[in-house]
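Per-chain numbering from 1; labels A, B, C and D assigned in written order.
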Amino acid sequence: MATLHGVWESIASRGLELLAKRGFGKAAPLMSVCRELLSERGEASGTALAREVSERYRAAAPKARELFLLGLLDKDFLPDPKVVTAAADQYRLRPDSETLAELVAVAEPRRQELFRRINLAPGGTGVVIEMRTDLLRMLPAHPALQSVDADIKHLLSSWFNRGFLHLERIDWNTPALVLEKLIEHEAVHAIDGWDDLRRRLASDRRCFAFFHPALPREPLIFIEVALTRGIASSIQALLDRDAPPMDARRADTAVFYSITNCLEGLRGISFGNFLIKQVVTELEGEKLNLRSFVTLSPMPGFRQWWTSLPEGRKSDVTEPALMRLAAQYLLVERKGDRALDPVAAFHLGNGATVEKIHFGGDRSEKGMAQSFGLMVSYGYRPSQLEKNHEAYVKQGRIAASSAVRALPKKSLK
Amino acid sequence: MATLHGVWESIASRGLELLAKRGFGKAAPLMSVCRELLSERGEASGTALAREVSERYRAAAPKARELFLLGLLDKDFLPDPKVVTAAADQYRLRPDSETLAELVAVAEPRRQELFRRINLAPGGTGVVIEMRTDLLRMLPAHPALQSVDADIKHLLSSWFNRGFLHLERIDWNTPALVLEKLIEHEAVHAIDGWDDLRRRLASDRRCFAFFHPALPREPLIFIEVALTRGIASSIQALLDRDAPPMDARRADTAVFYSITNCLEGLRGISFGNFLIKQVVTELEGEKLNLRSFVTLSPMPGFRQWWTSLPEGRKSDVTEPALMRLAAQYLLVERKGDRALDPVAAFHLGNGATVEKIHFGGDRSEKGMAQSFGLMVSYGYRPSQLEKNHEAYVKQGRIAASSAVRALPKKSLK
Amino acid sequence: MATLHGVWESIASRGLELLAKRGFGKAAPLMSVCRELLSERGEASGTALAREVSERYRAAAPKARELFLLGLLDKDFLPDPKVVTAAADQYRLRPDSETLAELVAVAEPRRQELFRRINLAPGGTGVVIEMRTDLLRMLPAHPALQSVDADIKHLLSSWFNRGFLHLERIDWNTPALVLEKLIEHEAVHAIDGWDDLRRRLASDRRCFAFFHPALPREPLIFIEVALTRGIASSIQALLDRDAPPMDARRADTAVFYSITNCLEGLRGISFGNFLIKQVVTELEGEKLNLRSFVTLSPMPGFRQWWTSLPEGRKSDVTEPALMRLAAQYLLVERKGDRALDPVAAFHLGNGATVEKIHFGGDRSEKGMAQSFGLMVSYGYRPSQLEKNHEAYVKQGRIAASSAVRALPKKSLK
Amino acid sequence: MATLHGVWESIASRGLELLAKRGFGKAAPLMSVCRELLSERGEASGTALAREVSERYRAAAPKARELFLLGLLDKDFLPDPKVVTAAADQYRLRPDSETLAELVAVAEPRRQELFRRINLAPGGTGVVIEMRTDLLRMLPAHPALQSVDADIKHLLSSWFNRGFLHLERIDWNTPALVLEKLIEHEAVHAIDGWDDLRRRLASDRRCFAFFHPALPREPLIFIEVALTRGIASSIQALLDRDAPPMDARRADTAVFYSITNCLEGLRGISFGNFLIKQVVTELEGEKLNLRSFVTLSPMPGFRQWWTSLPEGRKSDVTEPALMRLAAQYLLVERKGDRALDPVAAFHLGNGATVEKIHFGGDRSEKGMAQSFGLMVSYGYRPSQLEKNHEAYVKQGRIAASSAVRALPKKSLK
């Protein structure tokens, strides 16, 4: 950190010429408007200054943004160490609610207030999210920014509290502006243009997204659902854009086949579990005949894990052998307390059940490379989620259907 | 604090009988649902538990609420002092952005997370505000709750950031549910039923309120405006409900005659200055012929200040004498750096100008008691607000019209 | 008609002086703008001229409006009799679809096109309705206006086709502007101010209205419903504004206790039957526990009929005697093919059943005067409406509950 | 007509077998539900029966629809000739407002009431429009249907009165469902998929459509506008989807380059003139710097007219020669009282001015074939529209800019 902080200081001392070369020419006024925004003047003209910060940030070149964000490490944006230390001493003497309140109050970095004031501008929330997007990209090269990220994430967690989000159905009635964002962001199973999208929004499909009131046309996260008879066993079949839509009332299963976070700047502020559960509730509210709610999920770490197995166990790549190994991978393998597979860890953490393993579930290149084409369905049964979650978190017990449970018995000794 | 904390502990030990007598029977399960909400289970079933907390709190008797809020002082809702002290030590050794981030992270009281989770429930934001309303009422008797209030206020300041509020015009098209709240909350110049309200929303009146998306039918703060020719010189004339509405296009002045905060639980989270400024902008946007924007405001502390004057100066209660004293009171008297009169301090802090003093401005009993019936108009001139604000805050200079400035010259030696 | 038409012509000849005295000064330009609106110029500047007609009509004094409406009898607004007669001759020779189409086309009075063009103005629909309101008031004195009324009613029937109306729930969330109209129009059981209204919109009450897209804040007709346990037997009990609201889920009966047409200018364009039926559907859609849908209706003609009975039958005004006579009045007495009582005729025409007669149902002065305080409940059972309607219309059969049916048996020989 | 009517009767007598072969199997029940809808039962169960008619019609094969529409010529849907003739006789004796009203009332074909009742169904308005679409397609082969069309058009003119339409801006925020219809219907300058559409909705473009409340997602007519500096002289330049969008505030001209009717079933019910005028008003309302409003229009009949010229005049196809001929074609040539070119006739009838002729305005194959690539700009100057319209309609005077006016002088002797 000292080093990085030093970077900023030395930059400041090397004069304007160099700064201009590194794109700092644009960061400097941005920074000075920020300081004004935090000053008395900011209290009288907050909105105007916030708007200026927003516009300048949006217009700034990548390098200027980078220098600006590094500038937030400056000690001006931190509290006076003497004051913090004094409050800490009081707390040490009498560690109670009051002394703690004082410590917390004086320790808050001023840049938190800066972010709050930027939000006064129309569109300010979006700018703060963009700042974090940039920050996250810089973290590997500038680990000291972790502390700035902690501040900004703290604020965004508070603003994007689930209680402020609303669920919206996405369909062909949705503004093109929003639909375009689905095409742009869907990374799990890329949407190949408007015709592909239209099929994914047909009468036997459902799509839902969370929105925040300050970002009305910006889906934060969205989920794609297919209504089917029986659990679809292959993603390619589901995505076939020429398949005629089925009458939704004939479906007995809702298959959640893709869930996508749209805003990188909200990374780590999790909505996915809320989204799946609320969508189950929404679908139950429609007068359909759905009896099960399952995912069709990848096993992104399966093949890598398989590679690490002793040679003897890898020779057999027939369906039965792979199915058994997949069951072992999902039900037995752990990373710490959690399931080894990250997707499994997410769904099991939500209280879902390992419902079914699909051989040939994803025959795409990526699917073959990740998991020999195997996919998994996790089941969401509203009445069991809480119990499963607790058993998983507290005792490491993984819920699985009897079919899946039957598989590993044969292979694990 | 030790004492109050002790109250809770001793209560806990005295057993159920006593608790039931003091209404604790209802606080205990509320508290235990809160603890669950903060636990692992809360992660899986957050929304359901949050809903339960909300419902229980709403249903709880005043005594039960009180005990519950005192319960938030419990050390379970505070961080482990050893951890905080250790982080403070690290910070002391190397006081930088990183060690600070760590200190801030570990020092956050767990009840903050509790409040955030309560917000998962539909209507949860309203419950958190209600908790603070109750807290504020308890503060005089339980000063230790100041620390709980600090936590809850911190969160509400973040949630009710101006950037998340939207301004709405209130008129006869507004839902009765909202209008009823104006009648309920207006405290400055009470609204005497629906007919009175209707006159205040007639074609030569304007009313605006700030709303938050999580509280869609709940005005946070509202302002009442009369469109007049010249500055109205008496509040009674403005409020005459039998006065026929004037054609708004004939008006040259907008008189802001009342501004009301509706939610006690948001006390200290200020929107008033934003509201006035944005309403000026709104009114400029209407195609009217307005040339000045002024308030018609009370001087709540004038008579009390007058009482403290030396006898000699008080004998003369004629109009000229009172006008001169009022000018001195507004332009000269100070409480610290700010104007002595609290209403003056608010408007001058916003950058307004002391525009005019009205003799006989408020002939009501309250008006006579507060200020011998005198009222003040503060002028809001968009182009001067920033400059006035800075001059006031930094140099203590108070902006005033030449007419008002002329008054005290005669009396101040 | 010749006479009335003559009135207009003689007025026209008596010169401006007289006209001005009779308020015609304002009708003349209104009429001339109307003629322009129908001319070529109207095609280019239709909207502007229509707006002028609207504004002038709204501003016109009653006398000016009257003269204007009489002016619509002028032969300029009628087709050329020669052309109509010639088309009629063609039709007589060969009465087919084509010759009829020609006859219909040439026979349309030009004032129909005038009304259509007035509708080009914003708010024009409202002006046309107002014209009809005025027309209807004039009819008794000017029966020739019947023909103008026929034209305007023809158009309004087309515009206010049920397919263009939408049902809206009215509650405390409804704009005050709309609620005020309920207070203004409710004639059956007058609403005594905002507090009374509020009780009628409480959680155990429902209110619905039909709206037309061109009149967005104007309820056309509204219905008030009370959710009760058992059929409420007295309107006074229902309207008691101090009765605490019941939990709606405990109700088993929806009592439709008032239905009000708001716009006199739509008289004879019936929505009432659609409204009741759609409200039954809406209520079935709410997840309540309602099992029956009944009215609580007056018998406006009962006492008058009773007065006409032979003396012998009138001596007994005890409950049993009046109940028996009421049953006879409802089930037996006829006016032509229809039930004698107009309210009965309306509900039976809708396919409803005479469900119950309430002694002491309306103890108000009006109730006693109309029907000795008796009221009736008509039952709306969705599955039987069609069958009942047909039996009533074709065979004059009146559906009644066995309880009601049992009553007259005793008295009718 | 007798013949066609006979077709229906003979069909009816040839029995079911034949009918089934011709697809009548589906028309018969449709027709019988229609008859029920017109009967007493229709009064009680109108909405349900109307829904059935709607669904059956939508599901019917083209042949079944055709037979059904022919069935509307049946005398059951016409009034009793005796009654009509009697009313005509009364009218002949005393041709006044009253006897006319009676004649009009009895002469109305019953199918008008049928169409009105079909409108009771949700989506019924759309079905009536679809019926007319089918009718119009059948007219050439079945001219007797002209009378049915007259009835249905009469009704639709009344329902789609301009006063009931609302203008909506179409942009990237518009639901995909609506945007898709633009792609589908735009016939003048076809939209080549979503990317092309997106450019047409960029920040230097505007698009507006009229909607009817009963068809909320169905644009009736839409207009495409380009904001440019100077009058764009070529449609290909305007439609270049790779051209970067200009800052709209830099534009001084709004070019209306395409206007499209979407619903064939509303043919002859004109909205185009209202649309252009209202869009001019909308654009004036935006705070842009527009100074002229012009079209960029084809001359669809130019080349055909040119072909009919004497040989001598056709040899010269240079720019000056074609420009002169175009001016003659636009300003001099007539078809009856109107301009020969149909597009010119439309805009001149609206009161527009021939502003500019563009050589090479449309270099597409179609443009070359229609008009040697020439296009015309008609200017819409709000203050002159009315005057121009009258001069055109009454005296046949065509408004033209001096530049255009200068052209023909050279060539016309």
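Worth pointing out:
Just so we're on the same page, a residue touches a chain if its C-beta (ideal position, glycine included) is under 8 Å from a C-beta of that chain, and two chains touch if they have at least 3 such contacts.
Please read these numbers as outputs of a predicted model, since none were measured by experiment.
Path length between chain B and chain D in the touching-chain graph (shortest route): 2. Common neighbours of chain A and chain D (chains touching each): not present.
Spacing of chain B relative to chain C, judged by their CA centroids, is 50 angstrom.
Averaged C-alpha coordinates put the centre of chain C at 36 Å from the centre of chain D. The distance from the centre of chain A to the centre of chain C, with each centre set as the mean of the Cα atoms, comes to 58 Å.
Counting only residues that touch two or more partner chains, chain B has none. Note for the complex: chain D touches chain A at residues 172-177, 179-180, 193-194, 198, 217. Here chain B touches chain A in the complex through residues 1-2, 5, 40-41, 43-47, 50, 73, 78-79, 81, 84-85, 88, 91-92, 95-98, 100-101, 103-105, 107-109, 116, 119-122, 124-125, 144, 146-148, 150-151, 155, 157-159, 161-164, 213-214, 274, 277, 349-351, 385-386, 389-390, 393-394, going by the rule given at the top.
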